[in-house]
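Just passing along the structure, written as structure tokens.
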Amino acid sequence: MTHTHTLAVRVYYEDTDFSGLVYHASYLRFMERARTELLRDLGLGQRELLEAQGGLFFVVRAMTIDFRKPAQMDDLLTVETIVREVSGASFDLDQRVTRGEEMLVSAQVRIAAVEGGRPRRLPTEVREKFAAVATPRGA
Amino acid sequence: MTHTHTLAVRVYYEDTDFSGLVYHASYLRFMERARTELLRDLGLGQRELLEAQGGLFFVVRAMTIDFRKPAQMDDLLTVETIVREVSGASFDLDQRVTRGEEMLVSAQVRIAAVEGGRPRRLPTEVREKFAAVATPRGA
Amino acid sequence: MTHTHTLAVRVYYEDTDFSGLVYHASYLRFMERARTELLRDLGLGQRELLEAQGGLFFVVRAMTIDFRKPAQMDDLLTVETIVREVSGASFDLDQRVTRGEEMLVSAQVRIAAVEGGRPRRLPTEVREKFAAVATPRGA
Amino acid sequence: MTHTHTLAVRVYYEDTDFSGLVYHASYLRFMERARTELLRDLGLGQRELLEAQGGLFFVVRAMTIDFRKPAQMDDLLTVETIVREVSGASFDLDQRVTRGEEMLVSAQVRIAAVEGGRPRRLPTEVREKFAAVATPRGA
């Protein structure tokens, strides 16, 4: 069974550019919103983590992104997120932005934790919560 | 004599929306860049202020903005900034975005200082440096 | 009776800046989302308007904004919108961003219609739908 | 000989988030500015292309990005762009964001042309100008 987290995202003026389509970096904002909601659903508020852990932030370490089809103003999109791997210092996600049955954008994302600007191990609580919903890519 | 600070700003994809014109909130980003450069020209780096002053940030307290004519992709704009009034806790600026001889956007802006999320008096150094370049509105 | 349109907005990483608080121009994005949803609730899709009316866009003509208290990462905000006046070429709105009982940001906004970059009269359908939900400021 | 296009980019409030560092999607905006300036240096204005070619836009088709080290408020960054391959329908670029000698972000980017939302071949003029400055990856 695959745990797929979903978030609905509406496209507004701010997300588009003069081509009439959604600006490419806007999809990264949509995917970040979905990761924040996934954390929240796991009981991990980022402001609380920041305070409790003495300055913990999550950062994107690497992304591979395919922009297949464009979204437009007023579109109602879905961001799907699947946790794939959890290691001591990072976790890997697959994310997709869809519009109904159409796949628009797909990405592989590696997230790491930093503290005071430096890499640090994931807190045990975070690692365990992610591991509990992980679906390895080959599974 | 009026001290007018100027900053050149190029319009990119990110600044536009699906109307084909510059998104209205982009002008606020342009005006904030100009304020940051004005501070830098006065010898006030914001990261240094933040560290030296134990957490000082500048925040926009109020704005009145006229959006007269739209800018477009590839336009080369100028942001003009004039310091108008400096008080203990805030300073007032007039800002304009122009394209050659055309006035596109004009704004009156009130900036205040906060520390730990709460209002605080402007540091003396900041107040004096702004006062030295101020041109009162009636002058 | 006052028709107040409300929209819930969550604060994400993208909305904040290095001060730890919400970036001032982000509130304009939140208020624009609320205006788009108000239009949608009135049956006015902006892509449809754009096509049906031969290139109609809404633009912000003027704003007066008070930034009273800051919002932070993870906050759940509400944007309230009240239509105040509708004339041939523009309509006036009052908008507020609140967090529970706290008023964070308030704005008066004038919206106009443009076509091919030039001002045009509001389509009758638009004017009538706005007039039906308007609450004049003195009322 | 490698043709490397460079663009200086200053980090402002708008580019940062509450972690105190630059928001990850901001680097994509910086890299897009560099691509636009590269086009301009090649004599290819995007508004002109849009009009002359009956609706031509460039879109990002795919990106692979490594976020190695974070930039901060007030940093002066350089975006380096190298054209790698040019085919009938797309071109490949390597882009890097550096701060002095430090490499912060590196990316491989595939750009394609669209017209009316659909893929189209690159105009001959565009293909030739890119080919003239291309440095294949293995070279």
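Chains here go by letter, A, B, C and D, matching the order in which they are written, and residues are numbered from 1 within each.
Simple rule for what comes next: a residue touches a chain if its C-beta (ideal position, glycine included) is under 8 Å from a C-beta of that chain, and two chains touch if they have at least 3 such contacts.
This one's a predicted model, so the numbers in the text were calculated from it and none came from an experiment.
For chain pairs B-C and A-B, the one joined by more C-beta pairs in contact is B-C. Comparing mean CA positions across the assembly, the chain most remote from chain C is D. The mean-CA centres of chain B and chain D are about 28 angstrom from one another, to the nearest whole unit.
Chain centres here are Cα averages; for chain A and chain B they lie 33 Å apart. Put simply, the C-alpha centre of chain B and that of chain C have 23 angstrom between them. Contact of a single residue of chain B with at least two other chains is seen at positions 13-14, 19-21, 25, 29, 32, 72-73. Residue ranges on chain D touching chain C, taken from their complex, read 13-14, 16-21, 23, 25, 72-73.
Of all residues in chain D, those touching chain B in their complex are 10, 12-14, 29, 32-33, 36, 40, 45-47, 72-74.
Remark: chain D residues 19-21, 24-25, 28-29, 32, 57, 59-67, 70, 114, 117 touch chain A in the complex.
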